[in-house]
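Next come the structures, one after another.
Paired with chain B in one complex and with chain C in the other, chain A is shared by the two complexes that follow.
What follows is the complex of A and B.
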């Protein structure tokens, strides 16, 4: 998008390992929880979207780490490639994996991510130290976000149902873009030398919640019982994370003013 | 289908696309998105703090694709699950899309200036409260028109793609057209109104955008007012032409009537592209002849 990346390793905040564990475990638990509990009652399908939020936050953090190496205009592109890898891997995983579908999807996405990371660094010569690792993470996060949101929409991750209820009616398009924007937008929105991890990830939660609300709206096609919890919990998470983001904005900004003139020359010195 | 009905539908789609193109460009100008936003982002770093909305959602194609896909999805759900009328469903879809777009605008508005703390760029809340509803209003118009186009393609022209997917694709298309056509008027002309026409962007001018308006400090409204005179309408015409002409070749030369006619549509499409390349070249040469040569060239001569 624009200039202003710090051009070095991302600093501070929660360690990458913890976020990766949060994304992978949260994503998989959410997806499997939604799949099995939806058999008891469709109202539980919202858990899949909670898993997707974990994956989106993980993806946003991975984007943050790799894009801190000065990838200003590359931030949106990297979000789109995340979901590009994710769509291929998740459809492949769900088609061949059966009950292990989400795990196969995660592994397939990681492999595609590794290949793209190697191509970017070795062939295109981008020479970003963490490129391969980050692309593996971004691909995995994209795949889990897609499977998680699909599970909420369809109430299951079984391939035939996902194909009939998510892919054929075209809802896969909104999963692709809402998931992709959830991953790319947080760092793109907070890009700048004074970016902070907690503020960026608050946007990740907030955008994940929007994807959850949309998945809830789509699940109306299956049953209103499934839609209401997903929409209401989504709105709740959105509100909490937006309030947190605004609080952190007030903490980090130079000044949050109701209105005012521009800073004076003396003030800028 | 009767060719005349096909042409009528196509004309309606072209009209909707023209409106959508104009509103898309003005929406990106009010909030400052895409290419010209690079300079808005750079300005505080170069000691030029400003009161311009920094709407760095993403590039225009993804953000418009999101709007349109959300609108198309909601409209489809309302039509399929609740049998609502298409007009109502499309209106509701566009409304939700505008709200989602508003939240994305707000997070970018807060996020970018806050991350420029060291350059002392304040976050002005009055800019947020005044500009965000306008951004949402424009995004409503854009999404509504794109959904009309997509719905006509599915319901009348019998396109095999589902509505959310078509809306997504048209969203990317309108973002791309808006970015490539309208941005120049805002980025090169409005942000750098203080430099001579055709001067290009000298590296020394980076970030030195015009920050003072006709009255008071310049903001996104002033920019959309300026862009509504030329950049917005020309984007509308460009996108309207894309929608109308790409549909026109297959409506006149319908491939369903035989392979030979299908190939004629391909040839007609290629001819249109060729004519437009030549036409654009003539316009560019004429503009250079009328307003050029550039200052550097004069000095060199």
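What follows is the complex of A and C.
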């Protein structure tokens, strides 16, 4: 499917550098914060999902920048490759890195992303100027999103716990799809000539919040103390970001009209 | 610190098998008739969704069947065949139901716009292609091509899963942990190798009769490098525990 066709550089909004800093620093601070504060009180594990939201918003912005050029195929593909690279890199990082796990995961994902970006441009001939840079960003965002959500679910990013509590029961698959949805859906939903960065990223926050709520529900298995703050804060962020998205949609739309309900049989006669 | 060189030397054959599996998946995507969004509106030949969704649907079914057989047998050809058959069944069901929808629901005859005669049935195609479309539905050649795609993709996916499981068998890891880890790595490798060919073909292809099919060496070469890296990382994770 040729979504968008040949396009150009994405314009407007917050500069990419700021969003990258927001994603990397926010993601890592969230993950480490959740890891260390959970030792004091498991209720703090929700901070990991906040880090994941930062990473998801970063990923969504990177998808927005690269997909503005037109991939020749659907936007979802890039979200799926992000999480494919991310899941391999993040489990590798957590397994070998110990306390440096999230950073090793980020670096491993960036390297895999760089290679895939180079292959896409040089071998497959996609000729998108920012492909390499974007693939690095998307892989890194995917890895941080997975580590962040896993930390909220397990209360730690130590590999043995993550393996037993997140990977073995299959919750990693939920993270895979929820995180991938957060990265691919915002631009997929908002693309077009009238696409605006703030509206796209509002969807990113909203999808990240849904992932956070899901991570909270899963962490209920381990401790209710950890689950309740994650679910409550997730619902709060979801409401704020969805309201913001609706407001921005009304701003960007030419006109918003209610169609009303379907007419009843009497009214049709 | 784990002994990286030692683990790699011990499991080098599995790294190579995973890479081969990834290349098979990448090759298989070129056979699957993917129409993308235009096909969803019956304006292009193929199944009306993206490569990744189709590859995931068929490939993951292949993983499930391979995993099931792996519980009762450790015979590699049997496991790979089970994965291939699972994926073939899934893609066939998807294509036959898609054809019913196109023929009885949308009301279009299956027709290819890329060839004048179907290479298998020799039926005339161009007369049946509606004006302004790139063909519609799934002509016989696309269907057969899709089943071949399922065979290669499911076999490749099963090969990846089998290699990952075998690499972890000797480490004494709990079975549930090993299955979880091997499955999610297999899924990750599957998605990476489904997206690379999807960029190669520009999102749509009708099957092996499509001129775009000739581009497959590029995607398979890219997958060789990408999967090799992923395989190193995955084997280090699983073998190092």
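In the analysis below, the second predicted complex is superposed on the first by the 251 of 269 C-alpha atoms of A that agree within 3 Å, B and C clash if a C-alpha of one lies under 4 Å from a C-alpha of the other, contacts with A are read in each partner's own complex, and residues count from 1 in each chain.
One rule holds in what follows: a residue touches a chain if its C-beta (ideal position, glycine included) is under 8 Å from a C-beta of that chain, and two chains touch if they have at least 3 such contacts.
Remember, it's a predicted structure, so these values are computed and weren't measured experimentally.
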| item | value |
| --- | --- |
| Side-by-side fit of chain B and chain C on chain A, or clash | clash |
| Partner chain in contact with A:76 - chain B first, chain C second, else both or neither | both |
| Which of chain B and chain C A:188 touches, first, second, both or neither | first |
| Greater residue coverage of chain A in the superposed arrangement, chain B or chain C | B |
| Chain B versus chain C as contact partner of A:255, first or second or both or neither | first |
| Touched partner set for A:163, first chain B, second chain C, both or neither | second |
| First, second, both or neither for A:119, with chain B first and chain C second | second |
| Touching partner for A:267 - first (chain B), second (chain C), both, neither | first |
| Superposed model, chain C segment overlapping chain B, candidates 1-9, 19-27 or 127-135 | 127-135 |
| Common interface residues of chain A - those touching chain B in one complex and chain C in the other | 1-3, 76, 80, 168-170, 172-173, 176 |
| Complex contacts: residues of chain A adjacent to chain C | 1-3, 71-74, 76-78, 80-81, 83-89, 91-92, 95-96, 108, 111-112, 115-116, 119-120, 123-126, 163-164, 167-170, 172-173, 176 |
| Touching residues on chain C, where the partner in the complex is chain A | 2, 35-40, 50-53, 56, 174, 176-177, 179-181, 183-185, 187-192, 194-196, 198-200, 202-204, 218-219, 221-222, 225-226, 229-230, 233-234, 236-237, 240-241 |
| Residues of chain B that touch chain A when the two form their complex | 34, 37-38, 40-42, 45, 47, 49-51, 56-59, 62-63, 65-66, 69-70, 72-74, 76-77, 80-82, 96, 100, 103-104, 107-108, 110-126, 161-168, 211, 217 |
| Chain A residues within the chain B interface of the complex | 1-4, 75-76, 79-80, 168-174, 176-178, 180-181, 184-186, 188-196, 199-200, 203, 206-207, 210, 214, 217-218, 220-221, 238, 242, 245-246, 249, 252-263, 267-268 |
